[in-house]
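Just below sit the structures, each encoded as structure tokens.
Below are two complexes that have chain A in common, paired first with chain B and then with chain C.
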Partner chain A sequence: MNVLSPAFAIAGKDLRLELKTRDVVASVGLFVLLVVVTASFSFPTGGEGREGVAAGVLWMAFLFAALLGMGRSMAVEKEDACLEGLLVSPAPREAVFLGKLFANLGFTFAVELVILPVFVVLLQLRPGGGTWLVVLGTFLGTLGLVTVGTLFAAMAVNTRGREAILPLLVMPVSVPAMVAAVKVSEAGFSGGMADGTLSWLLLLVGYDALFLLVALATFPYVTEE
Partner chain B sequence: MDGRPALGIALTQVSKAFGAQLALDHVDLTIDQGSFVAVMGANGAGKTTLLKVISGLAAPTSGSVRIAGIEMRKAGPKLRALVGVVSHETMLYADLTTEENLRFHAKLFGLRDPAAAVMRAVERLDVAHVLDKPVRALSRGTRQRVALARALLHDPAVILLDEPYTGLDEAAAATLTELLDELATPGRILMLTLHDVVRALSGPRRLIVLSGGRVALDEPIAGSTDRMAETYLGLLRAEARR
Partner chain C sequence: MNDVKTDAARQQPVGELRPDAVAGPLAGSRRRLWGIATLVTLPILLGMALFWAPEDANQGAAQRIFYIHVPSAWIGFLAFFVVFVGSIAFLATGKRKWDDVASSSAEVGVVFTTAVLVTGPLWGRPVWGVYWTWDPRLTSFLMLWLIYLSYIVLRGYVPEPIRRARFSAVLGIVGFLDVPIVYLSARWWRSEHPTNFVVDRGDLPPEMLATLIVGLVTFTFLYLYLLSVRRSIARLRAQRELEEVAR
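Then we have the complex of A and B:
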């Protein structure tokens, strides 16, 4: 059996569940919107370095929102032993990971794409020609966060207090991706590539590739009792 | 089932530890094709762990599990395609309908015609009338039948049932018993864990009793079952005194 076919089946199942319950998108979307609106009241309307602060605020919101969504997404698998249902199927364990990753990435990135224009308007940012860089940075940063988060969510799902454990596991590991994503978003909000932006982009790509490989290699052991 | 090569399950010196807790302790078992086996024992005796090890959900700490002569650790996905698992938890998504759940699992098993497989399974389990209902809205008995339909979608050669009678009323339990009798064909291995000694001795043809992770009794069920029931209850009492 190939890996992608069951992975898409799992992602499709998560999409169908989400369309019915709106659990993940509603909680993640509301949380990010709340942070963005709150930030807009305290944000300076002028001055140097606004873009950097804005990028920092944005990624704080994205990080916590992603954690919220991934925790919920894996909790659904815990109910009625659904995760066991996936694991007793002939689908390779890597396919189960990829399926959850695709779904988490899809939900989180979709919410971010909706929130980004709101954020730009409320904080009176003018990315102009740097919009593509903001979107690219958001995608790569989210991919890194979600890759690490999906793996750790699977590890935490059988523990007591998993909601508290997941951030503790994800946050330290996601620091490089967060820093790079903030730097890329800052450049994007400032209008385009700046000195060093390419290096931050490459760091993000490298982080994503590395943790994708690590997650694919370790997920089978994480899910085995 | 016809035309498949003969298969059996062989556990060799299988131990499974969870931290310091030894759930299975050097278990040796051979289960031939056509077997209908009841696995009994007190809570914590290792019944569920035994099924998990056979289904590939848990890896043995030591020893080997073979199905059809193939080591589970080496060919997990291929062997899992031969196995259907039912537990007292349904493994169904409560917010999806019966049909959505079954179609999803049919795709996971890589079935060529998921729609046809779903129809065959729901007709066999008499749950076609709840195809469009969310699993959350079904009674416990109906959910269990849908869970069985899920496990039978790919017509597995090995069916493992972990306490399938849990939470069923008498009518649903009787239906399940009939279904198990029907499924116990010469081409299959049927293995279930349960606590009810009367049920264990009325359908299955072999009784395995686990105690402290070890095989305490392994006998064919034939003739008078009173002695086996007494032996089993004696083992339970001895375990309770420990």
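Then we have the complex of A and C:
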């Protein structure tokens, strides 16, 4: 059976639900805006070398956004045994994973799309020619976070801790992706490729590819009853 | 181990829940062997490390912690590699035995990694002048320690044995594959600060090398002994869970 068409159907269902309720994007978006504003007060965000601090703050905010969004999107499936419904459907497990992955990517990108310009304005950044690098870093970094997160969210929702356990699983494992994404964003905010930026981009691509494969291979075990 | 089996358990073989028959009388004698081996080699290691190995010209007596520190680090890696292999084997076969091996090894690994993170700063303070530095090796060990702590926490949050085994197996695989990437990123992350504190010590004098090798052997025995003890606890726990299901 084709894997992609049921995956798109599942992602489409999540996105339509989100368009009607605006649950995730509204709450997560506001939360992330609050994180950015609070961090701007807590860190020295002006002056020399602010690009490095800004990139760090930005990725802490994105991490929280992804964690919250993924937790919510899996918690919804837990209600009225929706997840069981998906699992007994003829769609292969890989398609269920990809569907949730696409939906989570959609939510997270939507939030990031709103936050990124606000962030650039608030922290007086001038990426200029480095804008493409910020966008590319955001895409690759988010892909890595959300791939690992979608796999772990399916586990976390079936534990006693529910969403509370998700950050404990995602954060240690996603450290390399976070470091790389921060480095790429910093270079982008500073105007373009710096020494070593290419290595960080390659590390992100490798991280994303490796864990996408691992997640596809292990997701069927996570959802087996 | 066999004498703890109750009638309830014998009547209710619940498929994968059944603890493995591997827990035969042999397992106990093998454990005793590892225990005795540790008891014999540990005093030898202490004697060699404290009295026989020459004093380091630059680092003084502080260097002697090296004979505990490095073997602990080695066992940390070995233990987490065993978690990785056990996790794959569990997902492939569904046998509870492999979950016992993986989860036991994870706990023992966390103990040794904790020892690494405690002995490292104790040595770092007199030699480097600081307790902690974000050197790639230190950073990697800290992340390793955090990943497997989350592994243990995750297990505590899943009451159903099969689901617990599956979830932790996935984390055991993802976590171990993450290790080289963590090391690489930690290396590049600090590359703009060339202050590499860890001096390449070049060739060790033969006495130091011999002491280190005895240390590695001793700690391997200790690891095997602790793993065996921890596995028998896992089997007892499996037994109890089985009885609860039967009730």
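Going forward, the second predicted complex is superposed on the first by the 217 of 225 C-alpha atoms of A that agree within 3 Å, B and C clash if a C-alpha of one lies under 4 Å from a C-alpha of the other, contacts with A are read in each partner's own complex, and residues count from 1 in each chain.
As a working rule, a residue touches a chain if its C-beta (ideal position, glycine included) is under 8 Å from a C-beta of that chain, and two chains touch if they have at least 3 such contacts.
Just so we're clear, the structure is a prediction, and the values are computed from it rather than from any experiment.
Trainee: Quick check on the superposed pair: does A:16 touch chain B, chain C, both, or neither? Answer first, second, both or neither.
Mentor: first
Trainee: Is A:224 touching the first partner chain B, the second partner chain C, both, or neither of them?
Mentor: Touch status of A:224: both partners.
Trainee: Of the partners chain B and chain C, which touch A:6 in the superposed model: first, second, both, neither?
Mentor: In the superposed model, A:6 contacts chain B only, not chain C.
Trainee: Examine A:175 and indicate which partner it touches, taking first as chain B and second as chain C; both and neither are also allowed.
Mentor: The answer is second: A:175 touches chain C but not chain B.
Trainee: Just to be sure I read the superposition right, which of the two partners does A:189 touch: chain B = first, chain C = second, or both, or neither?
Mentor: Touch partners of A:189: none, neither chain B nor chain C.
Trainee: Given the touch rule stated above, what does A:214 touch, chain B (first), chain C (second), both, or neither?
Mentor: Once the two structures are laid over each other on A, A:214 reaches chain C alone.
Trainee: Report for A:206: first if it touches chain B alone, second if chain C alone, otherwise both or neither.
Mentor: second
Trainee: Go through the superposed model and pick first if A:102 touches only chain B, second if only chain C, both, or neither.
Mentor: A:102: touches no partner chain.
Trainee: Give one of first, second, both or neither to describe whether A:62 is in contact with chain B, with chain C, with both, or with none.
Mentor: Touch status of A:62: no partner.
Trainee: Do any residues of chain A touch both chain B and chain C, and if so, which are they?
Mentor: Common to the two interfaces on chain A: residues 224.
Trainee: Under the touch definition given earlier, write down the residues of chain A that touch chain B in their complex.
Mentor: Within the complex, chain A contacts chain B at residues 1, 5-6, 9-10, 12-13, 16-17, 20-21, 76, 79-82, 84-92, 224-225.
Trainee: So in the complex, the part of chain C that touches chain A is made up of which residues?
Mentor: Residues of chain C touching chain A: 91, 143, 146-147, 150, 153-154, 157-159, 163, 166-167, 169-171, 173-175, 177-178, 181-182, 184-186, 188-189, 191-192.
Trainee: Can you check the complex and tell me which residues of chain A touch chain C?
Mentor: Going through chain A, the ones touching chain C are 148, 151-152, 155, 158-161, 165, 168-169, 172-173, 175-176, 179-180, 183, 196, 199-200, 203, 206-207, 210-211, 214, 218, 221-222, 224.
Trainee: Would you mind writing out the residues of chain B in touch with chain A in their complex?
Mentor: It is residues 18, 52, 55-59, 77-78, 80-81, 83, 85, 87, 89-96, 100, 104-105, 107-110, 150 of chain B that touch chain A.
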